[in-house]
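Have a look at the structure below, then the notes.
A, B, C and D label the chains in the order they appear, each numbered from 1.
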Amino acid sequence: MSSIYGKNIKVTIFGQSHSKAIGVSIEGLPAGIKIDMEELEAFMQRRAPGQGPFTTQRKESDRPEILSGLVDNVTCGAPVAAIIRNKDTRPGDYDQIRDVPRPSHADYTANIKFGGFHDYSGGGHFSGRLTAPLCIAGGLCLQLLRQKNIHIGAHIASIGNVSDTSFDPAGAEPADIELPKSKPFPVIDDARGEQMLAAINEARLAGDSLGGVIECAVVGVPAGIGDPIFDGMENCIALAVFGIPAVKGIEFGSGFAGSSLRGSANNDPFIVEENRIKTKTNNHGGILGGITTGMPVIFRVAIKPTPSIGVEQDSISYLSMENVKLSIKGRHDPCIVPRAIPCVEAAAAIAVLDRLLESSKY
Amino acid sequence: MSSIYGKNIKVTIFGQSHSKAIGVSIEGLPAGIKIDMEELEAFMQRRAPGQGPFTTQRKESDRPEILSGLVDNVTCGAPVAAIIRNKDTRPGDYDQIRDVPRPSHADYTANIKFGGFHDYSGGGHFSGRLTAPLCIAGGLCLQLLRQKNIHIGAHIASIGNVSDTSFDPAGAEPADIELPKSKPFPVIDDARGEQMLAAINEARLAGDSLGGVIECAVVGVPAGIGDPIFDGMENCIALAVFGIPAVKGIEFGSGFAGSSLRGSANNDPFIVEENRIKTKTNNHGGILGGITTGMPVIFRVAIKPTPSIGVEQDSISYLSMENVKLSIKGRHDPCIVPRAIPCVEAAAAIAVLDRLLESSKY
Amino acid sequence: MSSIYGKNIKVTIFGQSHSKAIGVSIEGLPAGIKIDMEELEAFMQRRAPGQGPFTTQRKESDRPEILSGLVDNVTCGAPVAAIIRNKDTRPGDYDQIRDVPRPSHADYTANIKFGGFHDYSGGGHFSGRLTAPLCIAGGLCLQLLRQKNIHIGAHIASIGNVSDTSFDPAGAEPADIELPKSKPFPVIDDARGEQMLAAINEARLAGDSLGGVIECAVVGVPAGIGDPIFDGMENCIALAVFGIPAVKGIEFGSGFAGSSLRGSANNDPFIVEENRIKTKTNNHGGILGGITTGMPVIFRVAIKPTPSIGVEQDSISYLSMENVKLSIKGRHDPCIVPRAIPCVEAAAAIAVLDRLLESSKY
Amino acid sequence: MSSIYGKNIKVTIFGQSHSKAIGVSIEGLPAGIKIDMEELEAFMQRRAPGQGPFTTQRKESDRPEILSGLVDNVTCGAPVAAIIRNKDTRPGDYDQIRDVPRPSHADYTANIKFGGFHDYSGGGHFSGRLTAPLCIAGGLCLQLLRQKNIHIGAHIASIGNVSDTSFDPAGAEPADIELPKSKPFPVIDDARGEQMLAAINEARLAGDSLGGVIECAVVGVPAGIGDPIFDGMENCIALAVFGIPAVKGIEFGSGFAGSSLRGSANNDPFIVEENRIKTKTNNHGGILGGITTGMPVIFRVAIKPTPSIGVEQDSISYLSMENVKLSIKGRHDPCIVPRAIPCVEAAAAIAVLDRLLESSKY
């Protein structure tokens, strides 16, 4: 099994980069929830390609067609299924990689895993394009969560060596984390954003690419969500987020930096404020023992630089079993971090809703 | 659900820090595999408490009693179940935390999650003690993997601000990663180890604690293990590793550092050596598209400093709903990183064997 | 969760009777398997409505559109997704049941389960129409199984009080169980079939309906498939078969009749024939301890009479909370048993392939 | 996977007939539920061997030792784990079956499944003894259900050719279905019970065995429990019940008999009584579309005659690959139906509680 996520909701993703369509079925959504289709499409647009210098020029409307599960845009309890037709496909672009795998791509591993029968065009089922159905599911979950006053928002924490400012770990409000969504380039500090764009352009002109870090916050999640050991909030968010191609790391709260501190510096004291229990600081990232504390859930995700680059690289030929040179044709993002932002929000939304539904039983 | 891991094998963990016993059932192990019980016990000893200045003085033999699943130490296809009796229990030590949750512990979240009915003694089901059954399962998986020439080994990458040298990402051999296991303090560079021990002692004398980073390598895993999207090797290892208390982050290959590089610097060129396909470098950490490349799988885990410290901290009282001062009695590790090493190996072994069994079907 | 089946393959079904489309995603099919699309469509036709006096006159071509997972009709390892557009929908036919639930239908339970938000048209997600995507998945599994020389076939064992002859439990050959598939009315003894058709017509003219029993055989399955306790072949086939609406019972081998015998009469002696171990009789239905013996797997399924009938019935009105009379309009099968035959074959194929892939690991 | 059941609760069973111990872990039970240990032990006694002429003379106290999950007999949210030590083991009794499989037993299939490495003593993991941990889990679930006024009770519907009277499908009250539990021989009509006992004794004296049918009712389950298609109440109960060795069939409501009726005779009209919606009859067995209607859930289970019999049978020798004669030594039940009653109640309780916890989310 591979393309199904969740226990209380089940998100089943299907499709390849150049198959007839890509799509998703989401099972377990409560019935009677009104879905705002315009909002869903606006969310999809944040991930869609073809907008601005830092993305592939492949043109896809990415408007989901809902096949089932909604009656007059209200969930009816049946699985919500939606598809997106692949339009602007150019399989021809990929004949080359049939014999010569692209470095740091899944071409080679897919070829081994599926005995050479994998759909190699555009990365097939491994393509970043598969994050579109992920975003359909996540976009729906985000709407359900917001109806419970749970907000999820992400921004670009860094690209190359340029860093954005961070969310306030202990004090972030819904408005703070919703703000970057409204921007064409989702950062907190627009001046830093300009520097990031410059760095991306520089890389692009050099036929190269850049990676970065995404910071995501979940605000308004009640205390007590998640389970011990293997169904903890960290396990579940990590499981979902690593479903996004190019993700190579995740840390919660003070994460790796916190691991170099002493306990007295990293611990978060409990305090009572207005008869509510909170923590003074939030190095724990809103999660203790796998369960939410009611503080913002904060995590950061490492996105590797786009492996598809124009500059010549070393690779091999399956046929000749010799080393060959490769320069990748086709249309690629010099930096996929901006488009990965809604994907991270989507993955987090799916994980949080899944755990939220686990609670309050019997 | 919370304490069950896996799809092809199922590891079910049960017990609390001060319950009659803790234990595990491992289902799906192939039949006919000879288990070396002495080796399993030696592995358990690496995690066991009560050895040396950096660990709790709680005394537990931690010798697993196998209840089923083995006939003359050979797997018979039935679930392998094992338990460890809790002997040196001192529930009295924990009366205090019934009303006053320990900062950065699961006391508070467990209390909310289970409506005050949780077993608070020693952290109950959330205790690090539950990594003992995890290690029983992992120890068995390690033996099965080694019979397939797959080796898993970890070392302390850093404690506080002292760093060990790293495994050679592209060239690590079984002997290299098995070496630290033979040492009382599992590092590559013993001089650095001395400095780490000094830092731990310093913290201990100050009634404080330290965290650190663990690096783990899987050598000999064939290419083609793992699945796209949600059952990728990264997803599965992360899911298992976050089952270890105090883990707050994980990164594969070049991880967070790699996300600041350009594609041309982070990509790993394919090369043909002795008619085998390899990569020149290993920034991808042995995993592309969720599937192993045949290169060593390398990942690092962030361990937060032990939250239980002697120095006075701020917390609250459930009863009075007022801020109170807390200094923790009881026996605790000033640094759990050394004892977490076999736990990380165990979690990785469970995840790798589970994915390995997924392959080669039909 | 509700509409996903399997562990080694995952079949995800979505859609409602009158939604835009119904469909399925099948995950875990081995890569490199050639699919015969004509054969799949021929299989779908056996379930399709609008053929002959005993079926609803609703017209649906039921030709599946493959969206992904196949490249030149060969499985590529990615999920195989397919949809069928709903064309001949007449929601108007169902306004009545919004307020008045049809006796022995899911109208009432769906209304309670989903708080009145369920899609009531034609039974929504509970409709027999959802067996079309089940048959897409099952049709694919049947082809994979046949490539392993495993054949699955079913026939009408009885309708009303008319019984067909049975498969030879211990001696059924592939040809024997494939035969009924070739007939418009799938029985072994055509004379009995004529009597069954007469009984169906009689019921139809009376505005009434009939049920029946289906016998299904799996021939060629090797010994050793299935697992003890909860993943036994019986558990898994039952779980899948009860996914077909109107199924109310299942029995394996001598089943209920065998439970009245003595052990000496019901036991199946082992014998050696041509150096192969077999059983002389097959009261065990090819399964012992949940695991196949290599003898034909034989089971019978009870199908209740179609609940939708023209004759006036007693029901209630949600609005008035009073007893009311109901005579059902719309187009319905006086007997769904013939169309249920491929559904039972499909469910069995999914279960058998899922267990088959469980075996041969490590 | 094989010995784990459930989605909202997870029941993990381990052990073999002659292993050190057998046991179970139950995960997902709500916290704060008081468990009556005496009641649990009384329930276990109904399954325990060594009582009366119709059971094996093997002596086992079958008193479960709770290892974890309870604090002062109250669930704490952690998995409840319990074991039973195997005391009266006589592996010697089974040397014979190492080479000669017992007809209609799992000896042969286990041998193939596990390549000859299975634990053959007493049937190993396939033994009826494994229903003891099933009953521990089920006994706990029964207590939780009863605290929600849901009662589950079963009785012997028939043994050989002697039938008991049936529960009133539409009118059964808790007292009606609890009654048989209080009897040493659980029937409704004691006169019929005497005839059944006579038939069992007759078979026993002939060195033979008998099977039978068990009828089980669930009273008080609210309407709306269960899910469409694969998580229906029928699917889930069947999946659990086929986990009991010797079960070969299951039917709900009018079942196989109902399949020969016309719709007008089998349909259950809805009626309003005291402003509550009910059905006049209950041929649907309390389940429509996989979801409970609020009427009693009624099902019958076919139990095959005990395959272990004293009379000489034909079997084969693995070593000589020749036909041989076999008469089984050891201690066996001439009829396991009476002891299977609490097992069926247990399986039903696990399935019902699992589905009950699925509902009421978000």
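Everything that follows uses one rule, which is that a residue touches a chain if its C-beta (ideal position, glycine included) is under 8 Å from a C-beta of that chain, and two chains touch if they have at least 3 such contacts.
Here the structure is a predicted model, which means the values were calculated and not measured.
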item	value
Target subunit C, source subunit A, minimum contact steps	1
Longest centre-to-centre distance from subunit D, chain (CA-based)	A
Fitted rotation between subunit B and its twin subunit D in degrees, CA, nearest 5	180
Distance from subunit D to subunit B - Cα centre to Cα centre, in angstrom	39
Averaged-CA centre spacing for the pair subunit B and subunit A, given as whole angstrom	26
Computed distance of Cα centres, subunit C from subunit B, in Å	46
Subunit A: positions in contact with at least two other chains	1-4, 7-8, 13, 78, 110, 113, 125, 228
Subunit B to subunit D touching residues, read off their complex	1-4, 7-8, 10, 12-16, 19-23, 25, 27-28, 31-32, 65-69, 71, 74-81, 83, 110, 113-119, 124-125
Contact set on subunit D toward subunit C in their complex	1-5, 7, 13, 101, 103-106, 108-110, 112-113, 123, 125-126, 130, 158, 160-161, 203, 206, 208-213, 223-224, 226-232, 234-235, 238-240, 242-243, 245, 247-256, 258-272, 275, 277, 279-280, 283-285, 288-293, 300, 302-309, 311, 313-316, 321-323, 358-359
